[in-house]
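Next come two complexes, and both contain subunit A; in the first it sits with subunit B, in the second with subunit C.
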Partner chain A sequence: MNDRIILDNVSRFYGEVLGVNRVTLSVPPGITSLVGPNGSGKTTLMNLITGLVRPTRGSIQVLGISPSDPERLFRVCAYATQFDSFPRGMTGFQFVYSYLRLSGMSHDDCERTTAFAIGRVNLGEAAHRKIAGYSKGMRQRIKLAQAIAHDPRVLVLDEPLNGLDPLVRAETIALFREFAAEGRHVIVSSHILHEVDTISDQVILLSNGYVVAEGKIHGVREEMSEHPMQVIIRCTRANVLASRVFEQDHVVEVRLHADGGGLLVKTRDADRFYRALNHLALDGVGIESVAPADDNVNSLYEYLIGGEESTR
Partner chain B sequence: MNQEVSIGQWLSQIGLVIRLEMRKTFFSRRGLWVYLLALAPVLIFLGHSLSEINNRKERQALNAAHPVSTAALRSIQRGSTIEEVVEKVGEPFAKNGFRRRDFVVDIYEYTDGENVFGFGFRNNRLENINERDRDTIPKDSLVFAGVFQFFFLRLAIFFGCVGVFTNLFRGEMLDKSLHFYLLTPIRREILTVGKYLAGLIATVVIFCTSTFLQLFALSLHFTGSEISEYLAGPGWGHVAAYLGVTAAACLGYGSVFLVAGLLFKNPIIPAATVLVWEGMNIFLPAALKKVSVIFYLQSLSPVVAPPDANMPALQKLLVTAAEPVAPVWAVLGLLTLTVVVLAIAARKARTLEINYSTD
Partner chain C sequence: MAVYKRTYAAYEGSLTPAWSRFLILPRYSFARLWQSRFLVMFFMACFFYPLGCVGYIYLANNLSVLSSFGVPAGNFIKVEPSLFLYFCWVQAAFTYLLTAFVGPSLVSPDLVNGAMPLYFCRPFSRAEYIAGKMSVLVFLLSLVTWAPGLILFTIQASLAGWEWTKANLWIAGSLFIGLMVWILMLSLLALALSAWVKWKIAAGGLLLGVFFAGAGFGTALNSVMRTSYGSLLNLTEVMFTIWSKLFSWPSDTGISLEASWICVAVVCAVCLWLLVRRVRAFEVVK
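Up next is the complex of A and B:
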């Protein structure tokens, strides 16, 4: 079972606040999504797996290695956190390079590997610029470059698609698939169920610190198709995009933002919506950001996990 | 990637952590006041030297206008009249005085170009002779010892180390960037040692440079021959000892405040506690005295500066030296204390968690 990530009856409390409770999981290789609303325990679970926090109870093994042994763990594992802060004054290249140097690589290997990793996330041109001047999407990508640089067998990524535009999002998802196809673990968290639906082999649904569902994605997807999803898009020509989006038969409602710089879309088919959005982005509509409307995500979770909570 | 971990790799990781930390430690905005603390005594001694140089020039000009030899001035006896004194050494460069109902006081001031002599007459009879010698190296070395032990060690280096070492971990928690290290394949103990050494190098460079500049600034008003004579005697030994004590202070206080940064969110609390603990060292039983950095530093200081008689009681309490131990025991004691405190820091770092929201 050394190719699995195993959590055995793991609980973590922050004082009297529950982080996660009685989590028992055996995660096989592939893309695994941790899904749940804000505060459901996704980040705590990832922090536990990577040793950034310690379990109050229970034990964790990552490919047979305890998270309390970072020297061994981070030779096979990498974690791109949600923390949007970096060591001061570093360029993207230095950020990845110094990580690899600390991992024990020689200078020449580090330079080569850093350039390769940064190239994989298409950040080559900005590599020697200070991270402080990066956009949100670029910061996400440099974190990803650092995480993949030493070719880990376990990739843990906290909300990795946040802030990425549709094209980069598609490239990043392709990268995850590539990793998973090589028999590695890719653990991704998201509060956007539709987002991870498109990429996951298995999904773990969390609510209030408990695992409320786990398994293959298809069952969850069937339930989701019954429930319209709301997406907020910020863009330069919102009225043009609104008319183009509304031509899609799965879009049930489009509302322009008062400032004219964005729109709210309701769709019954997230898959098709995101594919259509990618085409629109390629056609030159300046899309700045895409994000789900939280209220709807929360209501979706209530819809999905309501039965589980009542049995707990 | 190579799974083998060797001591060589640990050393290499320590070196890399030092390199990564060094820039942050030397050029941190949060640490600007450390430079000010280090610079303050240099400015004090520079000001003193410039003032002394100026005074000497003035005395020499006065002596040129009112020439008189040291021997002549020292030959003046109490009981002489003003006329006898003036006849012997000429007119003074300054006359002062005051008159009361039943007596008259006259003060005549002379200089031989180096020292100032004040003759105090009461009803035309010389009663007081006040010779104000110019500063000499032995005199200034006592002043230096006082400033070094009472201000530099106990305040400047102490709070400088608070600023540098508590920030090594706590500062990164505030910046939310500590996870960068905690997600690398590096033992937490190695990280602790690397960060400590980075802080140590930074503080040793900053404060040893300050010590050297203080000595240099203080020497500016002495002549070349005076300095050569001093260096040929105990001078170089004193310089080396002061630099050594400065480095030892950074070593000891650094370890204490590294662990404080790991254990406490607010560095003021441990800093105040350690300051009081160090201050009450003299009252502690022999065994507890040894659990203090200042105990070893005072034992290593080359010149003992006794507390000033006019010093306030609380300040005297803080600066009074405990009984010294032999230098070799002082060095061994300080090293042992440092290693023990670092071991506590490494143990704490091993279970360190990232929870930025509460930090």
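Up next is the complex of A and C:
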């Protein structure tokens, strides 16, 4: 399983403070989002994967390479931190170039790959301007450029979409998708749940240092039987549909929309509900649209972490 | 954003030797340092005394020049080991000020900017980071200490002849060892202070304070405890003890050579420990 990032019962404590605890993961290639509130352990998990922090317990393998072997690990792995980390007085080009030199590339290769990486994040015109004069979005992009410059197979990015305007955000997400399509790992942390939903192949939800859920969003949602799935249906005869739907034993709640043109259904068995809905549609109920209301990261976050947050 | 249709291809070009990568760090430090006019002027001022020494050595080996100006050239002008000991003293004072100016800006900006993870998410270790930052000071201070010192020795050797050189070769070794020990201790002190004190002016002031406060506290300790080991807190006296021994010059500091070496080793070890505590790739959660 050399194409995976594997964490085996990993714990990390900072003295008496918990970073992450008993994390066991096997992350496949693609875009993986780390989601969780502040202090939940997202950055610690990224630091562990990149070897910047050693686990107190457990073991980590990144594509079969131990993070304690930086010479091999950082040939395939790259990291862009959450904070603006720019040595003073550098231009964008110098920034990317100098850190590539630390990776051991020759001068010529560094110049070539730096120019390529900066072009890839569309900062070519600003490459020789000082970073101090960059906007927040440009800073994010130059950080991304230094991360992708040596063509890594594992890209670990802490809050990479913060501060980007919608256009650049879309371009950056397209770049992530392109990386993922090539079979690479793109691990991102984000607070913007809508974006996580849009871009992620899989999510890892963290809370208080523990992994509370991981996998594909839909799969995780299906396993949460204590929270009935919510489905929004827009139809012509909502009251009739409501009465028919409520006859199903797995349906626990039905709410009519105020305009009478739709209803919200809560069901414990989404598959059975959708099958039943097909029959109802055939019986002449004019169904306009059917959409899951809580089959997304936002709901997962609310169900799995929101409760804990509110009880704290 | 330009999207390139391409497949993954890892870098397969040649790699620079791992041992040499720490030398990447000084390049931008030097570029920034030389932008300061004050530093450039002060750096040039550091060579006034070595230039004076060159003149002195020339005259000592060409007494006829003095006689031609009617100056009696007796035994008072001659090249002895003490000339090199004084050279160490004077240049050490210059390097002390130079370090107070340069040192604080080496580590603290990286810590303030949170740049440490950027350095360490490479095949680059903390030891290499410290070596890279230290090399800025070591190179700069070497240029004004043992490098001109050895040039002075070479000039004297070329003027005085092979017999003098053979008999005094140990002076070259003493110059190099004595000044390198000073440079290493000073560099480590400056880096440690830079890592712990974020405000550059405060870090520079603290470096001066370490020496002055240590000297004052050591003198007070000597008076109160009726001992001479309080002088171990005075790093200038510690170094003078070592240099005196290296140049076969009588020392009146009252502390033994062994104690002085141990003191230097302890200071360096403490500085290294302080550096290792701060130079980390991650924030320590309090």
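Methods note: the second predicted complex is superposed on the first by the 219 of 312 C-alpha atoms of A that agree within 3 Å, B and C clash if a C-alpha of one lies under 4 Å from a C-alpha of the other, contacts with A are read in each partner's own complex, and residues count from 1 in each chain.
Definition applied: a contact is a pair of C-beta atoms (placed from the backbone, for glycine too) under 8 Å apart; a residue touches a chain by one contact, two chains touch by 3 or more.
If you're wondering where the values come from, they're calculated on a predicted model, not measured in any experiment.
Engineer: Mind checking subunit B and subunit C on superposed subunit A, clash or fit?
Structural biologist: Subunit B/subunit C on subunit A - steric clash.
Engineer: When the two structures are overlaid on chain A, which partner does A:Arg54 contact: first (subunit B), second (subunit C), both, or neither?
Structural biologist: Only subunit B is touched by A:Arg54; subunit C is not.
Engineer: Looking at the overlay, does A:Val17 come into contact with subunit B only (first), subunit C only (second), both, or neither?
Structural biologist: second
Engineer: Tell me the contact category for A:Ala115 with respect to subunit B and subunit C: first, second, both or neither.
Structural biologist: So A:Ala115 meets neither subunit B nor subunit C here.
Engineer: In the overlaid three-chain picture, which partner chain does A:Leu256 touch, first (subunit B) or second (subunit C), both, or neither?
Structural biologist: neither
Engineer: Between subunit B and subunit C, which one contacts more residues of subunit A in the superposed model?
Structural biologist: Touching more residues of subunit A than the other partner does is C.
Engineer: Could you tell me if A:Glu182 is touching subunit B, subunit C, both of them or neither one (first, second, both, neither)?
Structural biologist: After superposition on chain A, A:Glu182 lies in contact with subunit C alone.
Engineer: Taking the superposition as given, does A:Val240 touch the first partner, subunit B, the second, subunit C, both, or neither?
Structural biologist: Once the two structures are laid over each other on A, A:Val240 reaches no partner at all.
Engineer: Using the touch definition from the top, say if A:Ala291 reaches subunit B (first), subunit C (second), both or neither.
Structural biologist: Once the two structures are laid over each other on A, A:Ala291 reaches no partner at all.
Engineer: Output the subunit A positions appearing in both contact lists, the one against subunit B and the one against subunit C.
Structural biologist: Looking at subunit A, the two contact sets intersect at 14, 47, 50-53, 70-71, 73-75, 78-79, 81, 83, 85-89, 98-99, 101-105, 150-151.
Engineer: Which positions of subunit C touch subunit A when the two form their complex?
Structural biologist: Counting only subunit C, the residues touching subunit A are 1-4, 6-11, 13-16, 18, 21, 24, 27-28, 31-32, 109-110, 113-125, 281-282, 284-286.
Engineer: With touch defined as at the start, can you tell me which subunit B residues reach subunit A in the complex?
Structural biologist: So the residues of subunit B touching subunit A come out as 1-3, 5, 9, 12-13, 16-17, 20, 23-24, 175-177, 179-188, 350-351, 353-356, 358.
Engineer: Show which residues of subunit A lie in contact with subunit C when the two form their complex.
Structural biologist: 14, 17, 19, 43-44, 47, 50-53, 70-71, 73-79, 81, 83-90, 94, 98-99, 101-106, 109, 113, 119-122, 146, 150-151, 153, 168, 171-172, 174-175, 178, 182-184
Engineer: What residues of subunit A sit close enough to touch subunit B in their complex?
Structural biologist: Residues 14, 47, 50-54, 68, 70-75, 78-79, 81, 83, 85-89, 98-99, 101-105, 150-151 of subunit A touch subunit B in their complex.
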